[in-house]
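Next up is a structure, given as structure tokens.
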Amino acid sequence: MTKGENMTFAKKIAASAGAAGLALFAALPAWAQEAAAPAAEAAAPVANPGNNAWMMTSSLLVLLMILPGLALFYGGLTRTKNMLSTMTQVGAAACLAMLIWVMYGYGLAFGPEGNAFISWGKFFLAGVTQDSTAATFTDEVISEYVFICFQMTFAAITLALVLGSVVERMKFSAVMIFGIVWLTIVYFPIAHMVWAGGGFLFEGGMFGTSLPAALDFAGGTVVHINAGVSALVAALILGKRMGYQKEIMAPHSLTLTMVGTGMLWVGWFGFNAGSALEANGSAGLAMINTFVATASAGLFWMLAERLNGHKGSALGFCSGIIAGLVAVTPAAGNSGPFGAIVLGAVASVICFYAVTVLKTRLGYDDALDAFGIHGIGGMVGAIGTGIVYAPGLGGPGDGSVGIGAQVATQIVAVLVAIVWAAVGTMIATYIAKAVTGLRVSEEVEREGLDLGEHGERAYNY
Amino acid sequence: MTKGENMTFAKKIAASAGAAGLALFAALPAWAQEAAAPAAEAAAPVANPGNNAWMMTSSLLVLLMILPGLALFYGGLTRTKNMLSTMTQVGAAACLAMLIWVMYGYGLAFGPEGNAFISWGKFFLAGVTQDSTAATFTDEVISEYVFICFQMTFAAITLALVLGSVVERMKFSAVMIFGIVWLTIVYFPIAHMVWAGGGFLFEGGMFGTSLPAALDFAGGTVVHINAGVSALVAALILGKRMGYQKEIMAPHSLTLTMVGTGMLWVGWFGFNAGSALEANGSAGLAMINTFVATASAGLFWMLAERLNGHKGSALGFCSGIIAGLVAVTPAAGNSGPFGAIVLGAVASVICFYAVTVLKTRLGYDDALDAFGIHGIGGMVGAIGTGIVYAPGLGGPGDGSVGIGAQVATQIVAVLVAIVWAAVGTMIATYIAKAVTGLRVSEEVEREGLDLGEHGERAYNY
Amino acid sequence: MTKGENMTFAKKIAASAGAAGLALFAALPAWAQEAAAPAAEAAAPVANPGNNAWMMTSSLLVLLMILPGLALFYGGLTRTKNMLSTMTQVGAAACLAMLIWVMYGYGLAFGPEGNAFISWGKFFLAGVTQDSTAATFTDEVISEYVFICFQMTFAAITLALVLGSVVERMKFSAVMIFGIVWLTIVYFPIAHMVWAGGGFLFEGGMFGTSLPAALDFAGGTVVHINAGVSALVAALILGKRMGYQKEIMAPHSLTLTMVGTGMLWVGWFGFNAGSALEANGSAGLAMINTFVATASAGLFWMLAERLNGHKGSALGFCSGIIAGLVAVTPAAGNSGPFGAIVLGAVASVICFYAVTVLKTRLGYDDALDAFGIHGIGGMVGAIGTGIVYAPGLGGPGDGSVGIGAQVATQIVAVLVAIVWAAVGTMIATYIAKAVTGLRVSEEVEREGLDLGEHGERAYNY
Amino acid sequence: MKLILAIIKPFKLDEVREALTGLGIAGMTVTEVKGFGRQKGQTEIYRGAEYATNMVPKVKIELVCDDALAPRVVETLQQSAGTGSIGDGKIFVLDVGQAVRIRTGETGEAAL
Amino acid sequence: MKLILAIIKPFKLDEVREALTGLGIAGMTVTEVKGFGRQKGQTEIYRGAEYATNMVPKVKIELVCDDALAPRVVETLQQSAGTGSIGDGKIFVLDVGQAVRIRTGETGEAAL
Amino acid sequence: MKLILAIIKPFKLDEVREALTGLGIAGMTVTEVKGFGRQKGQTEIYRGAEYATNMVPKVKIELVCDDALAPRVVETLQQSAGTGSIGDGKIFVLDVGQAVRIRTGETGEAAL
């Protein structure tokens, strides 16, 4: 991405641009995953195989994050008796999201027609063929099916992330109902607002202000703040696990949690470097930032533990890794490597306090800290991106927007996401409650959801 | 792939085409992995790095399916005492297949000379250098070493899949002998018949009929029907495990089975989207189909369980995922996304009955359901591909072949594969029996193959 | 790579070549990862997305090797009570290496100015932007950030490999201090000597001889001999584990070790095929060699066990896989497939004796056989590369250098690496000892480092 | 001295231990066991193969105390471990001839 | 009442349990243990380090019954658990002073 | 005959077994247990949730021998299992009424 363009202007154009206007996208340093779809109808450009290859690889990396990755990360943290339940909920929720995505999700988020909050058209992928393409941020294109797959994995993992706060007590059937409603009224609109041309947050100037467009390279707002806040709200409605803060609820296998952590890290590059939509230098920048912010965050969490009189722990290391990944998500292509290192460190320490001190004080039961890490880490990342983007701090920004204005925009975007996610989740959870009862019986909760909900044991040694 | 070409004609030409005729391949919508080798001798075209990158990535994805993937999926389903045996058999069989492949397997399947059932030449990869290329379905090429690697992983995983029915009782040495013979008389000929120019099933018009060529994008016949039927025959010859249907034989770690499932899903995209041989729109179509057919199948298996009065289970979810992946393999680039969703659902429900009802009734001991899922799922997929291919059902076909004729062809291909695999497996198994005794002693079977065959325990907590 | 160029001459030129001289690199069959950085300053060439995609994928594959891969491989071999400690040390050491790499490691190894032993400049990645590129061996370029990431993962895994000999007793804090010093005085200089233009071993003619430049495609010397020898020295200084050769120290989960083995194999292609720096035929050659050498080594270790009167074991299979991967690393693009098969087999058998006979005789406690496999396997591979490179043996060499001279060069390179690594490790270990005490207390060692150092248990079933 | 051997539901362990500590009991030994009795286990199904486990996870407590305390220990155990539903478990009492504290060599009641 | 403590081969557990059920035994408690005795364990080798385990996996059955039934329980156990090969295990019989059913508070033979 | 029931530190098992073998003891049965006593467990912390485990991993040895040997077994056990630090464990001795070797049907001391 070259420097010196008027960002806000470029964006205004971009929102209505067809393939003809695509060269302008080269200057777009922000909201990386935007408005690719509208251009797809133009005369047939052909995807460069290198970019297509990278985007297919990136889609698979996000899948790797979900099924072995997140399922293991979350599953390892639960108790033995709920292991399969946790993994199955993650997997089945992802499957559900995929089916809904191709039916109407893609249309609601990236459809050819729409307003600031939602779009429509292309339902059931009408009109998409193997020759359809989607625009990137330069004058390149990628296969539209590939773009659809890539975005599909984002919807799938975001829903799965929410479940981290409600495992060990929420019914499988409730997860399914919740998933359908939540995707429809929370995820698709937010994805549209943030990533689609014409979207409310994509355009800048929110609420009649002259604020610039927000920066979110790979989904800090759409994925992490959204998932984190939704997780908190769902956990509050659902209530605490029986015996919470009384019984020992130690992770049944930190080994598996560490395996999951490694897979999440590897897969996250699909998320972050994939959000460049091409295998170019911007992807390279996103990659190096995702390496070093994460490395920094992993070590800083252990350091925070030491400074608080504890031993540096394996779970702390893993938690730091995730916190760093979350924080660098919006900043991936919007920061220099050393801005990313600082961002990772700061997010890690703040999440450490959120998870160890704040949660205990407030007493809510966010079982696997989906809010404490994705929610809080996402907010730190979103706001911090407004800072590290500045060229004076090594960021790739062109300096045309002051740090203050950018940070203000970032805060607005965070607040919009928080409110939308909270309200939508409330609705989705209560609908799930009305239909299924939401929570398993006491007996099932005590004996474990593996036996009670699925009729199996995770281990038969 | 453009529409409107006479498929059968195109194929006849393609079989003898050198690089000069390659443009014709662009029209080839079927048997994705075919006849790439013959063109390799022509004047030096250079592989597009994007396609080469994608095909290398795809080869690794298939390796990921085998060693951590299938080994975990299968291993988790066995009892603790046979865990290492299962994993080692999978791994060592794959290694064996790789060595045989470069010695004479590639020559027998894709050699420069041959007839409808087998080819020859290029033994020990004679004449292949880092500058050699193999043709794709357009006028592109990829490095021949990369094509050899990609095809090598198919041979390796197919042999490993067969072992699913015979674990927990077949000797390691018997697996090795069986593997050598089976690859030679079953796998290489079938791969040649299906994928090589001039191959019996590749050409259409089988048995003097005017049937069109069969459709098999990524190996439904060569890999899954073949492996499934071979597994059944080998299991019948070997006999049941001691205590079968009397003792508890619950999976020792469904956790690991789920991890394996996730890895198989991720890796399967190498299989399916890789079979486009390029990072193009056809690969994109194969990718989205592989996502949604699988998602649908995973959820439909759980639904089938519920409709049959059971709880939706984690193993059911995993089994559905695999059944969906199997079924979509021949259809990957030959279906629209909604055809794929239906195909996944149907295959999942049929496999559910095969595994829970049919197997119990017939009483054979296909330990890990290699036949029930790969065999049955492969047949459903192969025949279903003949249906979903039709443009009227959203498929990418050009409508020049009627659904009836296409389905008839698919059935013929399935039958040929069944008969060939069954006879060949019988021969291979009896040879292994003559040389090694085939089955471990009762004492080793009782104490477990880990200690008895390998002198180790999988876990020493 | 075309044949017939004078290698030594080509290299002398290459060392001072800017982008203008890059075409010459096309002829360079050796030291694959060299001197890419110097060319990065030239006028702006653009990375082919296919190559960039492959190199990003390769970087991730190496990360996969470290965090789930090596952590599981090593962790599975330790006792339950030290599982988290082993995994955390591997992970945290990798993070540390990443941070140091972007601060000054890249500058010390690949900086724009320097001598035969070290370079400088580009500290804190000064001057690198998303438009910077690094040269490959042809006239292509890749994004410099991608090149930095790729090389970063090498530094990270090499440090992690060293830890294999000292787990179960070395303090976490000691690992961190050791890591900082060791990377600085051992890894960066050796990487510079071997891979950077002007480097001591990169240039040939060492010690005033007329020896040709050494061959090392993907880091046999820099990574494996280096890590193996350092591991041995560190283990000797640290001393044996309490109860060594008295108590049972059976691997707590060979299952996880096998999973790690599979991931290492998959990831190693990033290492080996990635070291071509492009998705070209040379990468394809490196890929097929990495498949078959490994397959051969896995089976040959089991064979060696059988010939020595034992059962072929699962751990033997895994050990063979790793030995083969290590041995083929320098040979990956410098051998034909059958040279690679032989090299894998020979290395496997020699490592088998090193680990089962030699180690027991000498009585040192290299806990996870980092020396026995990486050190010894690396030496066999490095020297063997000098043989299999010859065109008469199927190698890609042009025959201009005799086998004898090439082998002599390889031996010199091995010896330089051994001496440098041994001396540097001694210094690093004693510094870590002075600062931290190096070794945990007897009580912590007995109870396990998981509880003692991290305050956690790996499993709470 | 008496050896009191109690088989209880696993989730009751914490409550039982606290109740016994209240009695002044300073030590006990706990083992994970599987119980076969009137209470039936869950049915598990794996791909159509149904396993009606009749083995239920239980926890066994072994506790040695002096003869005088034994009745109160049994009573406390019975109260704190009971849920009133089937499978609550059993308490058995056996005579112990001798007890030794390994660390000090103390014997008899002093060893407890 | 008697406590019958039997150490048997793990794969014999199902058979033994069925045989005892045939006698009218309604409950027992089972523990996984490791046995040290005449039977030697398998030798395991990990990278040249040989471990000749002298600990063999066994299953321990604890079963309380009234005095009259005890001899038949012992006999049934011995017959159903036996394979005739070394390592078949042992049966020990101890006196039990008291038994309580936690759920109901019943004591003595009524508690079994 | 006596049943000697010893609870010891896990890492002492090998030493104890060797010492007992020296006495001529040919068999014993070993179980992994958790001990609750004066010795406190390590504190574990997972994301701020502190668990002060008061259960410490121990090993239980069950060993039947004839009456004459019992005192020497107890003594040997006490010496070989002791480290002098808290948590070394206990030895309890109970009377055994009968012993049977399953394989042969031998009873009494011949069964040991």
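A few points about this structure:
A, B, C, D, E and F label the chains in the order they appear, each numbered from 1.
Keep this in mind: contacts are C-beta pairs under 8 Å (C-beta built on N, C-alpha and C of every residue); 3 or more make two chains touch, one makes a residue touch a chain.
A quick map from chain label to UniProt name: A, B, C = Ammonium transporter; D, E, F = Nitrogen regulatory protein P-II.
Just so you know, these numbers come straight off a predicted model, no measurement behind them.
Counted as hops between touching chains, the shortest connection from chain A (Ammonium transporter) to chain D is 1. Considering the contact criterion stated above, the chains in touch with chain A (Ammonium transporter) and with chain C (Ammonium transporter) alike are B, F.
Although chain A (Ammonium transporter) and chain B (Ammonium transporter) carry the same sequence, what matters here is overlap: shared residue numbers make up under half of all numbers found at their interface.
Per-chain CA centroids place chain A (Ammonium transporter) at a distance of 54 Å from chain E.
One simple way to say how far apart two chains are is to compare their mean CA positions; for chain E and chain F this gives 18 Å. Put simply, the C-alpha centre of chain B (Ammonium transporter) and that of chain E have 48 angstrom between them.
For chain B (Ammonium transporter), the set of residues touching two or more other chains reads 48-51, 53-54, 57, 248, 250-251, 310-311, 313, 315, 455-457, 459.
Residues of chain F found to touch two or more other chains are 31, 44-46, 94-95.
Remark: the chains found to touch one another pair up as A-B, A-C, A-D, A-F, B-C, B-D, B-E, C-E, C-F, D-E, D-F, E-F.
Touching chain E in their complex are the following residues of chain C (Ammonium transporter): 245, 248-251, 310-311, 313, 315-316, 319, 355-357, 359-360, 369. Residue ranges on chain F touching chain E, taken from their complex, read 1, 3, 17, 26-31, 62, 64, 94-103, 105, 111-112.
Of all residues in chain B (Ammonium transporter), those touching chain C (Ammonium transporter) in their complex are 47-54, 56-57, 59-60, 63-64, 66-69, 71-72, 75, 83-85, 87-88, 91-92, 94-96, 98-99, 102, 124-125, 129-133, 143-146, 148-149, 152, 172, 256, 450, 453-461. Across the complex, chain C (Ammonium transporter) meets chain B (Ammonium transporter) through its residues 1, 48-51, 53-54, 57, 61, 79-80, 248, 250-255, 258-259, 261-263, 265-266, 269, 273, 278-285, 287-288, 291-292, 294-296, 298-299, 302, 310-315, 317, 321, 333, 337-338, 341, 396, 459.
Of all the residues in chain E, the ones that touch chain F in their complex are 2, 5-8, 31-38, 55, 58, 60, 74, 77-78, 81-95.
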